[in-house]
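Here's the structure, in structure tokens; my notes come after.
Order as written gives the chain letters A, B, C, D and E; numbering starts at 1 within each chain.
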Amino acid sequence: MADLRTNLAGITSPNPFWLASAPPTNSGYQVQRAFEAGWGGAVWKTLGEPIINTSARFAAISFQGKKVAGFNNIELITDRPLDVNLKEIYETKKRFPHHAIIASLMVEPKQEKWHEIVKRVEDVGVDGLELNFGCPHGMAERGMGAASGQQPDLVQAQTTWAKEVAKTPVIVKLTPNITDITVTARAAVNGGADAISMINTINSLMGVDLDSWQTVPSVAGKGAHGGYCGPAVKPIALNMVAECARHPAIAVPISGIGGVGTWQDAVEFMLMGATGVQVCTAAMHHGFSIVEDMIDGLNNYLEEKGLASVSELIGKSVANYSEWGNLDLNYRTVASINTDVCIHCNKCHIACEDTSHQCIERKIALDGTPFLHVREEDCVGCNLCSIVCPEPGAIDMITLPYEQPPMTWNERQTVLATYKGK
Amino acid sequence: MTASWQLYVNEKEKIDALLHRGYVICEVTESLEGATVIFSHPTATPIQEVLTVETADARKYFSSLLVHSVTK
Amino acid sequence: LVNVSDNFREVECGLTDVEASDEANRCLYCYDAPCITACPTSINIPSFIKSIATTNVKGAAKTIMTANPIGASCARVCPTEELCEGACVLNHSSKPILIGKLQRYATDWAMKRNEPLFKAGEPNGRSVAIVGSGPAGLSAARELARFGYKVTIYEAKSEAGGLNTYGIVSFRLPPYVSLWEAQQVKALGVTIKTNTAVGKDIAASELMKQYDAVVIACGMSHVPMLGIEGETLSGVHDAIRFVEQTKTEPLSSYVGKKVAVIGAGNTAIDAATCAMRLGADSVKILYRRTVEEMTAYHFEYEFAKQEGVEFRFLTSPQKIIANERGEVKELECVRMTLGEPDAKGRKAPVAVAGSEFTMDVDIVIKAIGQTRHHALIEAFGLEHHHGVVAIDQHTLQTSVANVFACGDVIFGDGQGEAMVVSAAQQGKVVANSIHQRLASRQVTTH
Amino acid sequence: MADLRTNLAGITSPNPFWLASAPPTNSGYQVQRAFEAGWGGAVWKTLGEPIINTSARFAAISFQGKKVAGFNNIELITDRPLDVNLKEIYETKKRFPHHAIIASLMVEPKQEKWHEIVKRVEDVGVDGLELNFGCPHGMAERGMGAASGQQPDLVQAQTTWAKEVAKTPVIVKLTPNITDITVTARAAVNGGADAISMINTINSLMGVDLDSWQTVPSVAGKGAHGGYCGPAVKPIALNMVAECARHPAIAVPISGIGGVGTWQDAVEFMLMGATGVQVCTAAMHHGFSIVEDMIDGLNNYLEEKGLASVSELIGKSVANYSEWGNLDLNYRTVASINTDVCIHCNKCHIACEDTSHQCIERKIALDGTPFLHVREEDCVGCNLCSIVCPEPGAIDMITLPYEQPPMTWNERQTVLATYKGK
Amino acid sequence: LVNVSDNFREVECGLTDVEASDEANRCLYCYDAPCITACPTSINIPSFIKSIATTNVKGAAKTIMTANPIGASCARVCPTEELCEGACVLNHSSKPILIGKLQRYATDWAMKRNEPLFKAGEPNGRSVAIVGSGPAGLSAARELARFGYKVTIYEAKSEAGGLNTYGIVSFRLPPYVSLWEAQQVKALGVTIKTNTAVGKDIAASELMKQYDAVVIACGMSHVPMLGIEGETLSGVHDAIRFVEQTKTEPLSSYVGKKVAVIGAGNTAIDAATCAMRLGADSVKILYRRTVEEMTAYHFEYEFAKQEGVEFRFLTSPQKIIANERGEVKELECVRMTLGEPDAKGRKAPVAVAGSEFTMDVDIVIKAIGQTRHHALIEAFGLEHHHGVVAIDQHTLQTSVANVFACGDVIFGDGQGEAMVVSAAQQGKVVANSIHQRLASRQVTTH
């Protein structure tokens, strides 16, 4: 068994799988069930002035008949009084002293409000705090959540206020509804954040009912934008984590959130710089037990790779991530079709013909069987054919030897500048 | 439709021919039509040759040569 | 076997919405898909499956029925393993798409909605007579009506649909399916004169006179004689008539009966499984050759075995022996062996001398092919070869200028396949040929 | 057959399905094939100073084994000289006079550059222009695409410059990588845009290869963020379209883009305010022929609904879209399980138990069969159980009669403000 | 039938990666899933399927093998329709998940990797002897080894695995599967003394003396006599021996042979299909009762029909008749009818007077159950009822304190099911019982 323990800015947990602040962490009953199921930590459903929710809160999209490719909600923060939550946090911590309990907090952007709530939650023994600057609906309209999370100065100020009194590590949870996440991340760091977490949900509308013409979900015939999460948002979240991880001015640990549902997702987030991950949608779809395969799969992966500890993954791929201008223009890859494996669906042909570079030709072998031929010299190596190919192993993208030594766009432009005419 | 590779080869051959004859690239202007590359030669006639390089691969090619010669 | 009629309900059930969606989403939507090529009517299969995936079921049904006016029946009776599904690329990686079942899902939807899917063309003033309302005739009629022809079908039976209505067992193809297809054709203004046998109720010459063109789509006829002793005993049946009875008359129980079916083609399978479902004790299919030469499809063979039908290959009946009441009692058979291949590579079965044996049977069902409508064919003066009408391979025109033929009437002598789907395709071809011929004539005459 | 013709700010096309500016519209050969297949219009692959692309440009994510749930690219604008493109546009327009050809444009944010290119493309007879302020990588680093599209003043200025010389309608294509899309949309409108289109692609990283630890795609071992598109981004795009459509200051037609792959998607975008849609990923995945079912399905839908023209759909659901503060807090819906239909997977139970409100109880009927019972009084109507339920029809969300008349949060706060203690 | 040995390759092929992924992604991952309850070993099915979906195949294999040490064999031979798959909720909406096939996919992966999946427990100084290395014995051994016991299995045959190695036909379960399972058990330090029959090569009393506990997992014995004339003729076989030969000796061809198999249980099906695959002309299963009473599983019945086996219900053999060379020539049978239900509700078959008839056969295979290891059971001094060892239902303890029994040796008299998976489960139960007993004793004695 590999060592799965993680330490995020001082918050330790038996494994890197935390439940994100959301319905699954709404109560002590739930968090305790989660810990029993194997979750390493839980970020409590955001505490603050208790709100009122609408009925009809969630919606989801399917992809080709598969449920919950993406999930959406118009729920707000906790609707339960702070005292009730604190009592349950206290009891849960007592039962599970080695699991991480982080209190998610959202209050008005006023110093005394932050001071008050931070003190009260730390009194019951939480392991850390997460400042929720992310909720994209409802709270935002009250100047909280994303509304303050979209303003770097407010992010910084509120982080500072929390840090002024906090004794436990402070994580700042960022909203993805922002032009440049590294700006707010830096604001958090400047405010003294011990760590950052991302992403919260993305503004979205799941759909319109084709019969009633009402939005989905619909509250008494009316809809409003909700927050998007689940598998569909993973690439967005992964990029934001990676952009922060590779940013020299953002040198704090990252808790990765957004579309994590499997151990593979977790490995990717960790390779891209996260110290651990948080999960909401996957748990809501399948219940707490999904963590079993996450733990088991992660352990088997680490053993297979000969890694003793999960922490050896953290950030290992960050150095591979850069800007477009640093990519090598002289690198060449082309498609190569393995006729033996190919099942002759011709999807690669039509994809290349209609929508790429018209270089997969349909031919007939001497024995009359059809096969496909890639005109290598015209293939630009776009990958499309290999993406649409349904048969594993039928198309390989092979790397060609360099004809010219590597050259990035940035290098090219620097040199060309010296050749510029007037 | 002339295969795009062939278009590149045609342009590359022109570049190579000039370089082979001792011309060197002295000026590059990029525009909506690609790159206008001015070659010059201290002794040959004409002392300047101008190529409009259209294909992406050829534009990549001559710049690679420049980058390469600078770094060498 | 409490209630025999339960046994005659359709065996396969349709896909549920969830199943149809899952299956439709499994299709790759191949480009220039081999399944299309393998379908004799060239249904745009990926297209209709995509439409099912987007819940555009009406669009799916239209795509199917456009290419194949008999698409609802075909969804049930096509030997899909040999055709579309056999060509599906997923055979090479997992399981082929259930094309037939998806086709059924879409056409069942259309049947339930029962809206007309097509519109008749602008009347062009020309008329065509069609002999027979089987798949071939209905298909030709549907296409001609869409081109604007005034079409009249003459049908000897009391209902339209041909073998789909009368010949293929109900538990594979309930009659309401082919009747709906006929209804769709009628909705385009086609007249179907049932109970009207051409050559009997109306003369062939009359048709040639009254119409601009005639389509011969009369199929084949009854099962021929075996030419052995005892063939007229009570208990000896013609397979086609036998199945027809199960589709048109109250079902009689075969409980306790031992049945021998002679022949191993599609009809034999239908008759044998029918007999099983009527409650027979045992049903044996006797065939002179081996499993390799059998013309029944693989799926039929599997189905028959599943139903409990037994096979006796290399076995040929010699004599039907009666009991004192003139009923079938025993069948005398002889074992066969396959001789040297003939010119066509077919090995002739040869009786093994002295290998005669008898088996106890109560019922003998003959299923050794179908005879031809010789009289009718000759009444039209058509060239033919043993009742197989001679045609131009491309136009399906017969030796008589404005007479065309399609379906089982042109099957045989290595020509074509006796399948519903090929009859449907030939009907389309005939309609196109007629349209080309008459349309071009219009140009020259006016 | 319903009338599918559309008119977007004066640009007419036989149906509302356009190909978006992307690889499928890279050349005359392709666009002509597309028109033959049935597409109503095409926005030509963005024209500008031709670029150089990397090899290995695209990547995709699968969802539960289903391919291309989301797609990603690091491709730039056209790499072909303007003249070549213009010649092909001219020929294509000549062959297909009734189809819409829109030239997508991207040049440096300089007035003379915009003037030059607008004039040149209009000379060959395009039906309209689309200003690409959206490409999130590569071009952005050169101050083009998203980099200028994220600055409202640059959006407005460049739109103005294009409009100064344009004789055909100008569509401004917006980037979704922005805190508030309505701000840039308004900038476009202020600059004189005749229409807006959205969304371009979203910053993303598709994944990390678990064996090589390289990003996907990887160019000579290095990756950079790409643009996310395809089915996964639809809810984000739909919300942006809807937010613009319901914004009183953005009164121009909208071309909806992002994850459109079926006629249903198109209907949703149109109900939410789009005049037509643009498609990229779906065509790249399956080829041009997908438009057949889009047209057919749309037509059948309109006939079924008794609508004579597709334009009758436009914006019909916009009035149903609002802010969270306007949703009715007194609306009540609860789950109701149809025991006959239920297949007893217990997914609803565990979802509610672990991650919602613990109100689906497992019971045993007198005859020993298990069934589930919703404690209606504790059910908050969140929809989760009905979302995770695999069996259509097993769970209905039913609306309860009002106990109190409708009341929105905004109404509540207005009244409460008058009761505020000191 | 050119090469008979081809016919003995495994019939079913494993899932491809694509198929496994598709199928794993189709599972709903039910909560408190009914499939788990329906599996006698309670494998956490949704959990292992989820692991396949995330490509954590090792995790999947471990989940399976943890719950079921015979999981690779079970993946092939479990009557899944009656067990896990029969309980899958998707029966109500589409098709059940192919649990057995997914189980095979994961265990095949583990077999190919061939790493040990488990570790032996800390040695606890206690030792256990197990009689028989069939599923029951291996399962008990694996669990005991994980608890830290020193385990010795005594096995009469030359290879471990019991009927999985010797009794179930190769084309359903190739021997390498059960041998791998045995290997996994050995890897935990378990000693398997093959070619060592207890009661012959070592006395029962010796075992009781040497070990802290003894597990009786000797299964059942050969097929009993029919008690009819001609049973010793050449051409009459014991079904179990017959199948065993096909797994251990070069295959002999049955081409041209007519085979009768007597009995209609699992063994009869295996023997009959074996005979078909050896090339027999025809194979008939004769059974005294009707299809309803037959103990073969539904899937076995379907498989047998598919293979071409014929069924003769209500038919009882009376006499085996020899030819001049003392070989089987004919079988005389009598027709039966079902009488009134007895106390247990079972209708006894009654011969129909005067209904005798003969059938031509060359081979008769007896498959009417298995006899018991009476001598062995009595050597241990165990209470039993006609050779069915009496046990405590919960602990599987026999009448002798430290002797426990599991598997077929306790099957019968309405007790248990003769299935590999139940033998595996009983092995686990026995291991737990022993552990509880010995562990608690430790507490009291030290």
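In the analysis below, a contact is a pair of C-beta atoms (placed from the backbone, for glycine too) under 8 Å apart; a residue touches a chain by one contact, two chains touch by 3 or more.
Note that the structure is predicted; figures quoted are calculated from it, not measured.
Minimum number of contact steps separating chain B from chain C: 2.
Counted as hops between touching chains, the shortest connection from chain C to chain D is 1. In terms of the stated touch criterion, the partners common to chain A and chain E are C, D, listed by label. In this assembly, C is the chain whose CA centroid lies farthest from the centroid of chain A. Averaging Cα coordinates per chain places chain D and chain E 58 Å apart.
Centroid to centroid, with C-alpha atoms defining each point, chain B and chain D lie 42 Å apart. With each centre defined as the average position of its C-alpha atoms, the distance from chain A to chain D rounds to 21 Å. Multi-chain contact residues of chain A (touching two or more other chains): 64-66, 264, 286-287, 289, 301, 329, 347, 350, 358, 390-391, 412. Residue positions of chain E with contacts to 2 or more other chains are 18, 22, 25, 29, 31, 93.
Looking at chain B, one finds that residues 1, 30, 60 touch two or more other chains. Interchain contacts (touch definition given at top) occur between A-B, A-C, A-D, A-E, B-D, C-D, C-E, D-E.
Residue ranges of chain A in contact with chain C, taken from their complex: 64-65, 343-347, 349-350, 362, 390-391. Within the complex, the chain B residues that touch chain A are 1, 3-5, 25-30, 38, 60-61, 63-68, 70. Within the complex formed with chain A, the residues of chain E that make contact are 17-18, 25, 29, 31, 47, 50-51, 54-56, 58-59, 62. Taken together, the chain E residues at the contact with chain C in this complex read 16, 18-19, 22, 26, 93-95, 302, 305-306, 308, 310-311.
Interface residues of chain D facing chain A in the complex, by the touch rule stated above, are 22-24, 29-30, 33-34, 52-61, 63-64, 66-72, 74-75, 137-138, 141, 150, 177-179, 202-208, 210, 213-215, 217-225, 228, 231-236, 238-240, 242-243, 264, 267-268, 271-272, 283-289, 301, 316-317, 320-329, 331-334, 347, 350-351, 353-356, 358, 380-384, 387-388, 390, 397, 406, 409, 412.
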